[in-house]
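Chain naming follows the written order as A, B, C and D, and within any one chain the residues start at number 1.
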Amino acid sequence: MNLHEYQTREILRRHGIPVPPDQVASTPEEAESAAAAIGGEVVIKAQVHAGGRGKAGGVKLANSPVGAREAAEQILGMQIKGLPVNKVLVAPAADITNEMYLGFILDRANKTVTLMASAAGGVDIEEVAERTPEKIVRAQADPVIGFQPYQARDVAYELGLSGRHVRQFADIAMRLYDVFLENDASLLEINPLAIVASGDLQALDAKMVVDDNSLFRHPELAAMEDHTQLAPSEVEAARAGITFIKLDGDIGCMVNGAGLAMATMDTVKLYGGEPANFLDIGGGASAEQVTAALNIILADPKVRAVLINIFGGITRCDVVARGILEGLSAVERRVPMVVRLVGTNEEEGRRILEGAQLPTASSLSEAAERVVRIARGEETPAPTPGA
Amino acid sequence: MNLHEYQTREILRRHGIPVPPDQVASTPEEAESAAAAIGGEVVIKAQVHAGGRGKAGGVKLANSPVGAREAAEQILGMQIKGLPVNKVLVAPAADITNEMYLGFILDRANKTVTLMASAAGGVDIEEVAERTPEKIVRAQADPVIGFQPYQARDVAYELGLSGRHVRQFADIAMRLYDVFLENDASLLEINPLAIVASGDLQALDAKMVVDDNSLFRHPELAAMEDHTQLAPSEVEAARAGITFIKLDGDIGCMVNGAGLAMATMDTVKLYGGEPANFLDIGGGASAEQVTAALNIILADPKVRAVLINIFGGITRCDVVARGILEGLSAVERRVPMVVRLVGTNEEEGRRILEGAQLPTASSLSEAAERVVRIARGEETPAPTPGA
Amino acid sequence: MSILVSGDTRLLVQGITGREGQFHTAQMVEYGTRVVAGVTPGGAGREVAGVPVYNTVREAVESTGANTSIVYVPAPFAPDAVYEAAASGIGLIVVITERIPALDELNMYEYVRRKGSRMIGPNCPGLTTPGEAKVGIIPGNIHKRGPVGIVSRSGTLTYEAVAALTARGIGQSTVVGIGGDPIVGTSFLEVLEMFERDPETEAVVLIGEIGGEAEEEAAGYIGEMSKPVVGFIAGRTAPPGRRMGHAGAIISGGRGTAEEKVRALEAAGASVARSPSEIAELAERALSRR
Amino acid sequence: MSILVSGDTRLLVQGITGREGQFHTAQMVEYGTRVVAGVTPGGAGREVAGVPVYNTVREAVESTGANTSIVYVPAPFAPDAVYEAAASGIGLIVVITERIPALDELNMYEYVRRKGSRMIGPNCPGLTTPGEAKVGIIPGNIHKRGPVGIVSRSGTLTYEAVAALTARGIGQSTVVGIGGDPIVGTSFLEVLEMFERDPETEAVVLIGEIGGEAEEEAAGYIGEMSKPVVGFIAGRTAPPGRRMGHAGAIISGGRGTAEEKVRALEAAGASVARSPSEIAELAERALSRR
């Protein structure tokens, strides 16, 4: 789960990390009074879960409250990479001497939490990591004692800092590490961590990604999720316990298991089709979940055919079959479907579907090939049963 | 540093451990209104840093607010093992079904934090440990992952608990462990942890000892120290960075280093004397500390002679010598002194003292033997120089 | 022979009285796995599918000599269950539970290793040595005993591969689902090493997916292996930056793509299937070439 | 020979620019110890007693090949200094700092061990191998090289024993102050084992005090030693329940008394002195009996 910059800034501030004061505005008028309250030159930044907002015009400077209102007018309501901008952050425009990058990530290769830092801040760190990996300094937290101040100082010296900047950097890094652990982050970064005119270090932008699996113990973070930054269908899916990601094609996919779902999409593509989505109904999908999944898939008007691919393990084929029929009786829209159902209680599941005149395929290749032909109009499917 | 029961109860309560409501009273009237507020039968307990307060009459039951006032009248102002009772705790008298012991200690042998529990609660756990060690169940926290719920459940089953008592016990143990770590405790115990009439577990008495060395990071705990529970001389010593413990003899001792201080006391005793105190002026004792130490020793009217034994390492003998002279010029009382000064800058230290007509001894045995003879009046010492 | 689980496995089921625990215990017993004990705090005295239930792992191990455990305990309590198993001397701990926070997984990994035990998973379908022991949720009836070892990060995609092999008459030595989370107890590489040492295994199928670098790490070892490896990587069509269900399956910063992984595997000499149905075909060819 | 420190010791001083660090660095250099580097964050470029100062231990080790460190860093920052030393490959870390919280000491102990290093202390006076290296604060001039190994939980009481031995003409192989805190990096037992293996050491003096069970643990090994041991326990007159200065020196629940410890040592065959001055006498007798 992503947090907005303004949410992350507030969390960092509470943990004693120097973050300039700011205000959030949902209207140009709010932005104007925020700028007036802050005084001087301000920066107005789109709050959106998409990278590259600067290039997209989502960050503007303003010299006056009126200028801030005008900038907010332009930014609010923008779409950046398809996501709506409903809020802007208004903060003092900083006089920057030097920009660095400082972040912690969940390091799967080393099985720990790792600090990443770079003297080249303010830019996309993934690009730095790709092009000039030697410019990134890393330090791994120890599994027993965690990340330690000496490591932060070591990094600071590597970045070429000296004097009080070393102390400030180390202090910020230690606090950032605490924030990472306390919030079950998988990524937490300050970019840029800047030396400003006063000569002090300040966090001018911050980003946190929280481990979705940890939200059961962080209700306060779960409540911060901005559902406007997800497709409504994705929100609905999450509510039903389904993982759904909208794509651009016309063949809806409903699969159990993430790996099989990807492999199903790959196979559809291999036969020349374009998947309309990734959808994993999960391990023990109930009839209700199957119904919800069907609804979500068919809500996409581009979908011309649906491929259901279930390999029952925990999931029982009979339950899925009943769910499909139940779902079909609840949705209005009719599109052709190809169902492949194997594994636990396979025979019963197939019997149920065939009893309802819904044809089944036995192999994934066969099913994928067929659904692609149907979507292309090369094959006329049997009519789909329903309400 | 010891916390009072009422302070520990409050900390446990804040951490979600079930502790019955209570109030602290410093006067009989406060105890009366506390009892009225709590209602029903109450227990009035002396708040004092001494064990065995029950046997000493420091715990009484009362059926009414008036009874509570009378009980508080008796308890307040008592001395228990020499310590004044300035406060009482008023709490509901519990209807107890079963009493257990639950504590965590810093386990030096196993180099970890260890849970200790016993189905025989409400009694002195050290006695249980001494007489029937098999009745104590132990579980050690892992250095990496800490104390885990499965360990708490394991202990609960060992104690013979079942059903919800296991869950409640595990929950309390986990929270108690958190309190231990958060407060740098060296001992934290609930005794008794009782099953009360409702069938639930409740912490009816609690004790916490905090690691003195950690107080720099726990100002809130340091502020809770009750100085009335220490001899005034001990408080004064602590303020000067000196470790001082008052004993019953008549030979004052001033030594640098705890081990040497104990060995000096032992040697005094070996020659038939009785040390009046343990006093360690610490590693790098300044002239001010030596002065303070002299003042503290001589404040005890029983002291008939003083033995100063300094082996300079960090501590420099010349500094100590000047401190002795400075101290002597500041205190009014004159008692005979034997000084032994060896190690770093030994010659200069001795020169300073001898310049002031203060005789020095070269070995500890010689010094101890002499101070004992002087205290017994078997030897007439040279007059002590001073103001 | 086989790896990790066999007829010598004495299985303990942690969380045996839960819905999934009960269902899969029955399935495992039916398959012939020696399920010797279950644990649910407060459940002592009960039986599930004829298996006695204990309050604690310690008790269960003392009473039954269990040497392997499978964990169906819900995510908030699963780490505790794993610690309990490792502390009680269980040598192999198979964690089916999904959605365990990654920071907990780091601790689980560290602790289990330090205790000298091995963890498979979390978020995995378990393992099967056909005809001897099914320790997990992979449907039993799709297996057939034979010369191919399977190791996979995926759940149902593993079933797909197993079923395809069996349909072609190719049996499996052991099928190992290592789990789809960013942090798992046992890596591709470690399972490959075990298959390399296992005399029964003649070829290995490795099923990976986008995200992380586990497949690339494995590729580093495949070149040294004496046995042929068939690979498959799910997620060729996955868009960057979107997490494909598994917490680990995400292409980020241009790393972890299917292309990179396929390239690494092929460079190490593995043959890589383009679709799940091709896996069995390539496995057959690999076996015939030996 | 000697144990732990010698002419091969290349010493790093952590906290070298502090008051104590400066004073004792000068003393150690004067004694002839090879002090090769100091560390104080932000202190790079300075010199203390001719010793170059670095910002980090890593840099200091890379530049000077330091293999031993001594820590004078104040208690709140001492654990970090110890972690830094262990992480940088320092094999022996001597922690002079006193008043470190016990929970920090647990972590220090655990971490240093896991890194394969050894910690002496905290809250210790350090060690001296007379004529070769003084790593700590024990006054250098009281030593004389010879056949007696000394291990002690006490500071100044150790000086007392060393001075008494030297006054009698008995030299020391190595003098080791292990520290007076409840949690220390190296135990009596471990140092006894080293002295037992050290060809130069012919007899050992063990100086303990009330509290804990370290002396009793050591006694268990003394019986197996080929070399005579002379013991002394401080605190015979200490009242129970009062902490005698050292965080560890407390008689609690009737355990940790001087009597118990003396009994354990004597039962193991050690001769136990009744006063510090008797230590040298007993050591002389022990040597003459060999």
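Simple rule for what comes next: a residue touches a chain if its C-beta (ideal position, glycine included) is under 8 Å from a C-beta of that chain, and two chains touch if they have at least 3 such contacts.
Quantities reported herein were computed from a predicted structural model and do not represent experimental measurements.
Colleague: Spelling it out: a chain qualifies if it touches chain C and also touches chain D; which chains qualify?
Modeller: Of all the chains present, those in contact with both chain C and chain D are A, B.
Colleague: Let me have the rounded angstrom distance from the C-alpha centre of chain B over to the C-alpha centre of chain D, please.
Modeller: Between these chains, centre-to-centre, one finds 27 Å.
Colleague: With centres defined as the mean C-alpha position, give me the chain A-chain D separation in Å.
Modeller: Chain A and chain D have C-alpha centres separated by 55 Å.
Colleague: Show the residues in chain A shared as contacts by 2 or more other chains, in ascending order.
Modeller: 143-144
Colleague: Please set out, as single numbers or ranges, the residues of chain D touching at least two other chains.
Modeller: Answer for chain D, listing residues that touch two or more other chains: 107, 110.
Colleague: Which of line, ring, star, complete or other matches the graph of chains that touch?
Modeller: Drawn as a graph, the chains match no named shape, so other.
Colleague: According to the definition already given, which pairs of chains are in contact?
Modeller: Here the touching pairs of chains are A-B, A-C, A-D, B-C, B-D.
Colleague: Which bits of chain B are touching chain D when the two form their complex?
Modeller: 106, 108-109, 111-113, 126-127, 129-130, 143-144, 181, 184, 186, 211-214, 216-217, 243, 245, 247, 255-263, 265-270, 275, 278, 280, 283-284, 311-314, 342-344, 363-365
Colleague: What residues on chain B touch chain C, complex-wise?
Modeller: Answer in residue numbers: 142, 144-145, 148-151, 153-154, 157, 162-163, 166-167.
Colleague: Which stretch or stretches of chain C touch chain B in the complex?
Modeller: 41-42, 55-59, 77, 80-81, 83-84, 87, 107, 110-111, 114
Colleague: Quick one: which bits of chain A touch chain B in the complex? Just the residue numbers, please.
Modeller: Per the stated touch rule, the residues are 143-144.
Colleague: Which residues, counting only chain C, touch chain A once they are in their complex?
Modeller: Chain C reaches chain A through residues 20, 23-24, 75-76, 98-103, 106-107, 109-110, 125, 137-139, 142, 152-160, 163, 180, 182-183, 207, 209-210, 212-213, 217, 232, 234-239, 242-249, 252-255, 258, 274-277.
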